[in-house]
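The following pair of complexes shares a single chain, chain A, combined with chain B in the former and chain C in the latter.
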Partner chain A sequence: MLKNRWATRVIDMVPVALFAIIVLLAMQSPDLQTPARVMVVNAVMVVGSYIFIGNSGILSFGHIGFAAVGAYVSALATMSPRIKSGLLDGAPAWLVAIEINPALGILLGGLGAALVGWVVSLSIMRLSGLSAGIATLAMLVMIQVVVGNADPITGGKNSLIGIPGGTDVYVPLLWLIAICVLAYVFQHTRTGRRLRASREDEVAARSIGIKVTHERRVSFVLSAFAVGIGGALYGQVLGSINADAFYFTLTFAVLLMLVFGGMNSLFGALVGTLVITVLGEVLRRWERGVELFGFMFTGQAGIREIVLGIAMLVVLFLFREGLTRGREFSGLFKKRPQAIRTTVIPTAGSKEKREPVQEEKEAVRS
Partner chain B sequence: MNAVFQFLIDALSLGSIYACIALGIALIFGVMNLVNLAHGELIMVTGYTLLLTHGLPLPLRIIIAITAGVLAGILMDKLAFRFIRGAKPATLMIVSFGIAYLLQNLAILFIGSQARAVALPSWVSARISVGGIGVSPLDLVTVLVTVLLLAGMGLVLYRTPIGRQMRAASEDFTMARLVGVKSDRVISTAFALAGFLAAVAGILLIAKTGTVTPTMGLAPLLAGVVATVIGGSGNLKAAVYGAYLFGALTVAIQAALPTDLVAFRDAVAFALVILVLIVRPQGLFIRRAVAERV
Partner chain C sequence: MLEVDSLYVAYGPVTALRGVSIKVEKGSFVGVVGPNGAGKSTLLNTIAGVVKPKSGSVTLAGSKLSGARAEHIVGKHLSLVPEGRRIFGQMTVLENLQLGTTVRKDREQARTHITEMMEVFPILGRFRDRRAGHLSGGEQQQLAIARALLARPEYLLLDEPSAGLAPVIVDSVFEVLKRLHNEGVSILLVEQVAHRTVETADHSYVLQHGNIVARGTASELLQGGLLEAAYLGADGAAPEPEGAGQA
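So, the complex of A and B:
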């Protein structure tokens, strides 16, 4: 019985704390440090995507484009002029000369992504549903093509190497916590609630005066900022980036994590990131070979992707809304509100029988 | 004159291939509201079948490859989409994304991630001269085959009972069911036809490029989806028009951009797509705006 609003809010933050604790524990073991750092960076991108996808219900395939913008802005701003003049042929002098603190670089990356997001949102957010999804896909292709071919500025298909930044986990972790708080606060603001209303029924939301386009635009820019931060962290944690890293593979990985946990809650975004990372890491080790009871078990390389793909499909077949079914952490302790049933028109091939609605059950009882 | 003719041939042959892909995507979108992101993998399956059957006579290889494409389409429905009938469009799209990822990685696991060359007869890459204008026989074959195929599809869709049912289902699925259209049969048929179209498009594409890779379905998929959306999603004719338009557009941009900017061709094409979507969200070839009703 959680009547108290503040208690609910505190409880909803528990997964964030647990996530941080798991990361810090993993950092104690030397061979888990890299996976733990990568997981934090992935979590930033997943939660960042969630700010838009989860609240608006529009599937965006373009968010990794913002990660690319964030990563490149932050990398170019923080790399030493010496490395840049070696890598970039024909870059403008100011771009080569600039060198700022890595911590500031991350923020600049996020702001750069937010700026691109704002420009894009002016047009794309007027669309809804399918068209919006396709438009974000078009945006991803555009960003990828521009980054991959603007040789004097980005180095084109070549990697940018020697990106400064720590190997410590605290900076990414602090950013993750900040982004989670941002996501959680946003979904409880007026804008967030209006957006969630439009997610459930866009026509109804418009009819009561919600400016769906505007609400979407706000969440899109916030989300672009967060994913841009994720991209900047990606560059700093790995030390090098290239254009191909921010394309369909990463898009799939991030969407997989988000959908696996449940794309309608922050809790789901974190659960998905954790489960997929752990599963992926276990499979990676298995591919390398595991000794069990004196026997050596080796999986064939490539099994990892296949198991992850099958796991995603099975989870979606079993729980269409992901593992958390769109609930926040506090929702686990609440009685699930009775789903409102509209007239049940049998959808294609559905074999489920129509369950009696609550009132009908009560009517039968009385 | 020569350049104009070359442009027309290029635009027609590219547009025809896009049209086959877009029509398949539109068929599936019509009957189950799914943007099938695994559509490109039907092409990939066809391509690998063509690769693995080398040594057999070409007509037989083509028949086997097309059969593989059709089977892949049907199996995709029976093994995956059947389990999530009636889910939200976003969920369906994610599932198709997962299937695409899975199939690509299966191809990498069993065949390898490198591009493999497909042995084809030499006339495919030859050029002949027609009235002083050089054309490749492959382009002519492409245009001929696809136009025949699209005409055949038109007959199936407009003159046979299953075709009528499919069009009815893509207008209003619930209504179609209420008047007795069998949903699973219509969906299966749509997947089979989509597989068939994708297989033909795939064979023509491979004849052009000569290689197969696990990710070869991506570019045609993008083109097909874009064609469907700018034409008008859910409308079969509009998808075909959209495909020819997008094909012509791609060729035109390629020709118009200065050489050092050709790398940005796709960026320009996709910027135009966003522009079209904003000006006409319902699609270019849909006459009235179909707003969602409550």
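So, the complex of A and C:
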């Protein structure tokens, strides 16, 4: 039994390893290096959002706000004073002077996002369902407005450039693996399980003593931390950031990946990121024009959004729970009992002794 | 003692309870019967803190419960098996049982208690790693009861545990309740299976349109014809035919 459980856990980590291998293979082709790095960063944000959305069942539209916090905190802490004094007019002296190691900067970005998440959670987590979702949207807008207008600190509408950190893929990849392990371990902790119970039935969860608000807050802060890490990585991978980068476009891209793969499992988060990134990249190239057999094919501009939208609808139509149908990787190898079933009504006479064995029951049911 | 005093509950313009008072002595088995829409679920949900009353009070062993939230009440020795079972269908049977111990501090004992529960309800032991949603209705009902018991309640509230079950399964649900009662758990059972409930309970109340219209022991309620009167008076629906609840 115990051995079995460990086997399940190891198998569930296989998609993380496969994802990393695909990224490393893509890095071999100069043409694919940037999309591969961006995909890793996106995956961190998708898995980070999954920690809250997947476990609590509350759709948050605000998590990219945490990416913004992470990105700005990390960028400002790691950029050289020379560049900062050039970009930021009237910044406090300590902010200009500070210059920490990029690796530490990522962690600091995550912690900054977690702090903001904690403050926000004080009010938002009291709400439930749709109103909580709308409140998270308000949070996104608020963070956007603050970042876009705090000129002396963030540079306002202008980009922050010269963010150090380098272009290698290993740092983002290691963070992705760490965040995946965090997400997976979390969903098996007591808090994770209670949260998943409340996702299924909030009233039932409360009536067995689950403090739903508290459990949600824990996952919200953890999730903010992970998405903050994603934001920090985003800055380091691209070398520059601006406030508009962390708004609706990225929010919908990340949610699309999560919902497409299936927002109820880590496997779903990774599959969604991979499929949408590959599909998006193919369509992007098509829009620019591809040559096949001597002919030039050029897609209509905007075809990418349309095809991605249609793909999303098809997946949701075919599998309500996304491509992975809410299962972890190990779930692919387990037989799914049938959903439709008939109830066996034993006759009165057979009551005392007849306890059908499992196989027998299954046979009757199918 | 669990005491409900002049409870008024309304859902917007709909008044569901109009001054209901009941008592459940420690160690007793109390039944509440009544037709559809009488307010039975509302009564239990209000006691368990899921629904807030407009006025009136709920006290347990002298301390006030009304006003507290559901997740805090269950820690106070009271737990509810809600209408429609409401187990966590995506989770395994074992996970459902583990969640039942949420309010307990004694982790070790709670774990032994889960093992014991799987002996009391063998079907749960056999299907411990199955998704709870794939159990049959009767099996799910056993799971819901076991889950509620794992909070170690002194008072167990059950909302129509026999609904939708085959007669033989209803028998076994009632057997389980009787056994729990003998073990000292105080029970407040809400049912539509009126005769059966009244006969099993020490004392019962008949609820109709949000009012208690009759109360008493089985013989008092059955001999006086109070039970039939209550049901007929409600909306012409007769109590379930004789024998439906009996084995």
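In the analysis below, the second predicted complex is superposed on the first by the 333 of 366 C-alpha atoms of A that agree within 3 Å, B and C clash if a C-alpha of one lies under 4 Å from a C-alpha of the other, contacts with A are read in each partner's own complex, and residues count from 1 in each chain.
Assume contacts are C-beta pairs under 8 Å (C-beta built on N, C-alpha and C of every residue); 3 or more make two chains touch, one makes a residue touch a chain.
All values derive from a computational prediction rather than experimental measurement.
Once the two complexes are laid over each other on the shared chain, residue contacts for A:332 go to neither chain B nor chain C. Of the two partner chains placed by the overlay, only chain B lies in contact with A:309; chain C stays clear of it. By the document's definition of touching, of the two partners only chain B reaches A:146; chain C does not.
Judged by the number of chain A residues each one touches, B leads among chain B and chain C. In the superposition on chain A, A:135 makes contact with chain B only, while chain C stays out of contact range.
When the shared chain is aligned, no partner comes close enough to touch A:17: not chain B, not chain C. In the overlay built on the shared chain, the residue A:194 is in contact with chain C alone; chain B does not reach it.
When both complexes are overlaid on chain A, the residue A:181 reaches neither chain B nor chain C.
By the touch criterion defined above, A:208 lies against chain C but remains apart from chain B after alignment on the C-alpha atoms of chain A.
Residues 201, 203-204, 345-346, 348 of chain A are contacted both by chain B in one complex and by chain C in the other. Taken together, the chain A residues at the contact with chain C in this complex read 193-194, 196-197, 200-201, 203-212, 326, 337, 339, 341, 343-346, 348, 351, 355, 358.
Those residues of chain C that touch chain A in the complex are listed here as 48-50, 69-72, 74-75, 79-80, 82, 86-91, 95, 98-100, 102-103, 122, 126-127, 130-131, 134, 136-137, 147-148, 151, 166-168, 171, 247.
For chain A in complex with chain B, the touching residues are 57-59, 123-124, 126-131, 133-135, 137-139, 141-142, 145-146, 148-149, 201-204, 248, 252, 255-256, 259, 300, 302-303, 305-306, 309-310, 312-313, 316-317, 320, 345-350. Listed in rising order, the residues of chain B touching chain A in the complex are 31-32, 35, 80, 82-91, 93-95, 97-99, 101-102, 105-106, 108-109, 173-174, 177, 183-184, 187, 218, 222, 225-226, 229, 233, 263-264, 266-267, 270-271, 273-275, 277-278, 281, 292-294.
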